[in-house]
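Shared between the two complexes below is subunit A, which pairs with subunit B and subunit C, respectively.
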Partner chain A sequence: MNVKELPISRQGIVPLLIAIEAMVLLPLWFYIPSWISALTVALLLGKYVMYRKGITPLRWVLLIVVLLCVGGVFLQFKTLNGRDAGIGLIALMYTFKLLEARSYRDASLILFISFFIVVTAFFYSEAIWMGLYLLVAVLSILLGLVALNSPQGVQGLGSVGKISGVTLLQAIPIMVLLFFFFPRSSTPLWSMPTDTQAGSGIDDTMSPGSIGALHTFDDIAFRVDFEGEVPPRSEMYWRGLVLSEFDGFTWFKEEHSPIRQELELPMTSTYQYRVQMEPNNRNWIFGLEDLAEAPDGAYLFSDFTWNRRRQTTKRFIYSAQAYDIDFSQRQLTDLQSERYLQLPSNSNSDTREWAQEQRSNHQSDEAFTRWILSYIHQNQYSYTLTPAVIEVDTIDGFWFDTQEGFCEHYAGAFVYIMRSAGIPARVVTGYQGAEYNPYGDYYIVRQSDAHAWTEVWLEGVGWRRIDPTAAIHPSRVEEGLRSDASSRDGWLEEFGSDVGFDTPNGLFQNLALRWDAIQNFWSETVMGYSQDMQFNWLRKLGIERHQYRYLGYGLLATILLAGLVFGYFVLRGAQKLEPVTKHYLRLLKKLQKHEIPCDRTMGPRDVLQLTRHTSQKVYSRAAPALKTYIAMRYQEQAVDSELLKRFKQQVAKV
Partner chain B sequence: MNSPILPVLEQLNKVLLGKPFQVKLAVVCLLAKGHLLIEDLPGMGKTTLGQAMAKVFGLDFQRIQFTSDILPADIVGANIFDREKSAFEFHPGPVFSQLVLADEINRATPKAQSALLEAMEEQQVTVEGTTYELPNPFFVIATQNPTHQIGTYPLPESQLDRFLFKINLGYPDPALEKVLLKGESGRTKMPSLQSLLDLETLQGLQRTVSELTVTEHLLQYVMDLIQATRQSPDFAHGLSPRAGLAVVSAAKAWAFVDGRDYVLPEDIQQVFVASARHRLQSVKTSSASTIELIEELIKNVPVPA
Partner chain C sequence: MLSVIKQKFFSWVDNRAPRQTMTLLQQRNIYILPTRYGWLMLMILVLILIASTNYQNNMGFMAGFVLLAVGLLSVFYTFRNLKGLEVRCLKAAPVFATENASINVQLTNNTQSQRLAIGVGLSKKSVGYVDVMSQSKSAAIIYLPTSKRGLVDIPRIACSTIFPFGIFEAWSWVRTPYQVLVYPKPIPCPEPLTASNSGIDEGQTREKGSEDFHSLRDYQAGDPIKQVMWKAYARERGLYSKEFEDYVGEHQTLSWDSVAHYEKELAISYLTDAVLTAENSQQVYGLELPQQTVAKGQGPEHLHTCLKALALM
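On to the complex of A and B.
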């Protein structure tokens, strides 16, 4: 029975198609305009009602509605091109197609289109859950294909599910082969449009509360993979920006320029690492202090930060090296001194006067710096995420009155005091610390690790990193921030912190780390399997870059050949022909060439008689073969290899 | 051809002129232990064929003329009180005969029809609790008028299934009809017919037929044909397994009549129309007759190579 002639209204096919379309569209509903989502849902429900009631929609009504929808999409996006308009349109047309589907052809078209539409979800998200979901969706499409091609329709999901599941499993080797070997293009086939919503992180200004606000975000800023030695956590200062302009309330990024020439500073390399950075939609990227050589795709700037030409809108992977830079031979230029001593004159005068007064009690800048840190340590300065809000003269208010704050309060006040005392200083923002993931052997830096610290220029030493928050007495660190604070660079030994790593404890943290390891694998190895990775991988197999395209051709040819061979066997009824059958069919073909009007619906004796009546010459040659055939097929003559050979020869003589 | 059936066919063809295929089918039907249904207009030689066959095969012959008032007892017989013995005695009806010609079977009421058809199926008759075996061989040739004629009770499908073949005789050739009109054949020749076979030979032949070689390949062909009738949109329903059995045993008999001890696809093709046509119902009544549809179907099913 030919399933192609069966109506698709039989046993469960239409509900299954509706379910498949819903599954395919489900991820898109979160992203496409809500009216389109609502309309597609309505159309699917409408199709179900029509199916139950046996209604078929009028063609011209459908046409008008379709045109209206196209108009609607155009009005919404002012174009029919591009990702959003295109997918909106596709989603609508997809459901309309189901609405008018009535034949086998319609249904199979819908199912094959589904395979393409299901992938459009990747335009919006490449996360692992999306990949897993789409796998389920593809399975359901296969399910539909199996059901559509079985005369009974859907006889329970078990039987069709088994066939489609087995099919999917059988496809796995091909999938793996194509994944690893199919040539990748160096640029993506389509460019993902900038997603302006994503990406939070450290900004290029700092005011009280701005970094504290980040502490609540558990989002991952970047992941780090150290090659070889790993620095202690208290050394993990991930430098992002240098803020040196102050207006009395907010710190701004300093004017900086790329360093084009070689750095002529004595430095020693320390740690080798690889960063996989989540998009932050900013130009700057983060590096382990001290930063020197910029990784590929970024530049080193005069304030020893790294910036990219373009914003990081998708995951950016870079390798870098940390250094110990010796600034002792350097002098600040006048311009620089002025910049790092700049303060607004009209605010926070109490602190300024206090700083100048205290400085005069100390012999050197370094001694004064140490004294300030111990001042913080010994007085009632506390570390909290929820400090009291100060309206004006924020530094005065913090330093003398509230004495509580987050890292930005301390960093800002510290730099202010330094500058007031005539010591060049600046604020540095970035991240501090990292969480070790033992399941993936890498470190996770989260938004909550955002931090602000300072750099002070000490004569004869150069820039010296000072983290004033590390000086806060542990008893005055808010519960919950303690582990952060305890692992900071104390600089002064008397505040010596217990250096160590947070090893995962607790089931939830365990699971979270495992999940992150999986996600990392997914994004780095699966989604991030780029041309470069492929080259590296292939080189290990002995395939060089210049041989690369032959690999592509070879693969293509193999697939084509496999398809042809497979198709040949399918067309031959997927069964191997018996030799007797094969020879007999050849005999019939030969007779037809001799213009004997025989065909496969005739019995062999009829063929024999027909031959005799048509051509005596052919008959005399064909008769032995036909008689042998009759004997083998209908007289229970045992077919042995000798007889078969004879039969073959007899056929050959015709 | 050295079949012992050959002289039989020769004799029969002398009586029924110009119908060698139908005569052959009738003989095949007897050898395959089936029953024959002939549908035709009155006066086409149905009775002649039946009588001639009885004579040639040496079978005793009874003819039952079915009418609308015939009763089952008129067919199978009845217990009649014997005054002398003062006991009931069974008087066998005309069905107790080796060859029964049931004439115009569709003129009778369903009750009478089924009396005969049950006898055909079970080879026995039960009257008032006593079972009487019918003779062996037992061969029924039933004739029926085309069903659209007035005063006919069409046989239900379940009963049509009991007949191995359904055939038409049809009008004779003009040339042969002239010979017929001259009175040089037909019933006038009947007395000259000789009995060519005795009972034992016939039973032996029937046994031989049933033991003929049928290969897997041939069965596959029958299966393909049956499957085709089931899948064809032209028929209301396909052939039953019983129909398949009928086709195979008929093909065996046909091969035997042809003088072979093995069955060929051609044999199937020869008997297929006659054994399938009364078992299939065409959906489209107007465009093509069932026979044409079956012939078409045979042309579309390839013989397994």
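On to the complex of A and C.
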């Protein structure tokens, strides 16, 4: 019998392979096109039926179906070259291979290719579940290999399968060390096509009035670690974009350019923080106001926003500082004044006239600004996520008729009023507030924290942040939004004590926070482990130069160490002799010391004779032990602990 | 070129594996290399690491390093599967040329770990698999094809294993001092052998013949005195002679001269066939070869003596 030549139809290898393929493909089914998922499931089930009925598929039929599938993938993706098309194709071929598998070679190929399929799943998700998937998938592949390579096949898995579990457990520490030392690259080896999925979160336009219902998502936008002091949550304004162009309906991002020279503004650093941003498929990143120096890999723009050159398609980690910028010595240029006062002349004329009229009743821009805020506070303006849709003159409609909306309505209307009154103003979008996670000592900013506020240019002061939404009277905040919002939104927290909002601290909330802390550790420290982090800890060890070389030393040391440690433990198991043989070998060694030319290849009787002929003295001492050994080995003498003990003593006497 | 390297390599291997009745597999005589699937795995591993570097995918790195660690560990596991095994070749029974000699290889495991899927064969590529449980023995039979008569050295025997993962193959070559005796291939002679039969040796015939008592008849003058039934004569029942079976033509001496005109190997084959025929029809036969003569006889041992003489001629 030769394992290599055996067909895999023996001993349940085929069902095992089917189970392994299903296990390996499991996460992919959620990401690849559903017809491919369905087809792979059908092929696996088909293989099982064929196995039970003993049918082998005809090669030419299979070939035609494979070609049809390749055509299908091409139609789906319009290419066979991209990542998604490639993974779809690989998943199909993987199951087709099993369908026609009949030899050891086929089965081996399938099992080793499985490792690669596992990795393709990680292109779609690096969540903590995927770590579990990795372990289970590798374990099942190893189990498959053991079954394939042992003559008893699956039957012996109970006792034999232990070896795959033990191997995996031993592999984990080696993996951790290699993971730690393997040099990472900060740039990709070749450029990859970017994904075209729509990102959730902040958009670069804003059209208040057109949206009938705002869906808030609890997805995490980013997590923040503060070093040292932490601002109050009501002060956490995470600036993303500045929208200053208005066409009467929609606010647009302005054309802006990066600031290349040093900022010549007096400023003081306030907070230090680290952001771990979830992919949003956009160029912009968020920072705590006021923004200045851009983090590595990003640029500061003239409207004090940050942009990256590339879209954030993977988790992006950056460190930054918040500043207090003193604009008091600055003047707006004519161009800037014009931009921040620009309004379309053909719409929303009611609001414009009203604003101009009200401005004339006030002494200064600042007084007028404050008056508008108190106007919102005292009148029937309310906060709702499901405002009425306004067809034309959205600002007029909101300001005079509906008087309900969310941050975008208020920010848009406020800037419109300011500009009408001759005060330069702009809309800022981003996130406001954060949820503190005590289990990981960091803050979570979610998509539902998305917010819009404004900036107003006051002569002698510069840009001043004004959040008109915060001026709404708390009693007019939609019921049900309160408890939800109060936990996160700093702008409501100010009023929290007035109306008695509960701070949720139930069991579920705690568990959720703990879970997020674990996920944060996973995504920030484990999945976010990068070249920067490698060089950082090397620097802490005092290694500034030749960092790659030291990582290489680490790798080499890991492999050597693993070899020594596991070599010792694994091989020691092979040398562990059963006691009778062990004592007998000791006896032989002793006899050799007494210059009796015996060795292991001789039978014990020969040794006995040899000893008698060589030295009578040694013979008298060694004979009892040798005779006991012969009795135990050749005369079916039952070996019990008593006899073993006697044998041991007899050997000791020699 | 390749064959020269192969020859050099195997003479080096043979130097390290002396012919002995028992070989203990240990560091110095176990070799280990990746299997073709091991190389495939290495390729996949490199692919995974390149892809992970490019996509900066730490999950991918993890998978790659688990794979690397499994590969590393499988070196030890595969090696351990052979280490400490005792290999013994038992003496092989003689066979006729072109038949397969069956060589009994005994694997002894004195350790407390079980050894699974140990392949034993004439080369690594053609092995049969046995499991050797802890503190036990297992036997594997290797079929050695023979072509020529004579004493044949048992070639080096490969003990190999790819257990548990098939990533690495560990193997050892074991050599035994025993030889296989290969009898000549029996070929029936196209013409009857001009057997130099006919009781040339009177005494021998009689001696043999006197053992096979057949019947009694009246004494006739000239009957050998030994065949007279003296007991009956003593009782005054008359003089009888014991009659013995007639062996003439049925006990023969197979002589080299009768086939000497054929080509030598063919002649030997013809004689072999004649010996076997004689044995099978329970004849008494002897063998006369140029260097050696086997006295007449019968039975398995006698057959072996004759065949051995023919094999080693």
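Here, the second predicted complex is superposed on the first by the 419 of 654 C-alpha atoms of A that agree within 3 Å, B and C clash if a C-alpha of one lies under 4 Å from a C-alpha of the other, contacts with A are read in each partner's own complex, and residues count from 1 in each chain.
Rule of thumb we're sticking to: contacts are C-beta pairs under 8 Å (C-beta built on N, C-alpha and C of every residue); 3 or more make two chains touch, one makes a residue touch a chain.
Everything numeric in this text was worked out from a predicted model, so none of it was measured.
Q: Considering only the touch criterion stated at the top, classify A:Phe535 as touching first (subunit B), second (subunit C), both, or neither.
A: A:Phe535 sits against neither subunit B nor subunit C.
Q: Of the partners subunit B and subunit C, which touch A:Gln635 in the superposed model: first, second, both, neither?
A: first
Q: In the superposed arrangement, does A:Asn149 touch subunit B (first), subunit C (second), both or neither?
A: Only subunit C; A:Asn149 stays clear of subunit B.
Q: Look at A:Arg600 in the shared chain and tell me whether it touches subunit B only, subunit C only, both, or neither; answer first, second, both or neither.
A: Touch partners of A:Arg600: subunit B and subunit C.
Q: What is the contact status of A:Phe566 with respect to subunit B (first) and subunit C (second): first, second, both, or neither?
A: In the superposition, A:Phe566 contacts subunit C only.
Q: Examine A:Thr581 and indicate which partner it touches, taking first as subunit B and second as subunit C; both and neither are also allowed.
A: Touch partners of A:Thr581: subunit B and subunit C.
Q: In this superposed model, does subunit C or subunit B come into contact with more residues of subunit A?
A: C
Q: Go through subunit A and flag every residue that touches subunit B in one model and subunit C in the other.
A: Common to the two interfaces on subunit A: residues 1, 581, 600-601.
Q: Please name which positions on subunit A make contact with subunit B in the complex.
A: 1, 581, 584-585, 588, 599-606, 630, 633-636
Q: Mind listing the subunit A positions that touch subunit C in their complex?
A: Interface residues on the subunit A side: 1-3, 108-109, 112-113, 115-116, 118-119, 122-123, 126, 130-131, 134, 138, 142, 145-146, 148-152, 156, 160, 163-164, 167-168, 170-172, 174-175, 178-179, 182, 184-185, 188-190, 192, 314, 526-530, 559, 562-563, 566-567, 570-571, 573-578, 581, 600-601.
Q: Over in the complex, which subunit B residues touch subunit A? Could you list them?
A: 213, 215, 217-218, 231, 262-266, 268-269, 298-305
Q: Going by the contact rule at the top, pick out the subunit C residues touching subunit A in the complex.
A: For this pair, the touching residues of subunit C are 20-22, 24, 37, 40-41, 44-45, 47-70, 72-74, 76-77, 79-81, 83-84, 110-113, 116-117, 119, 126-129, 131, 134-135, 162-167.
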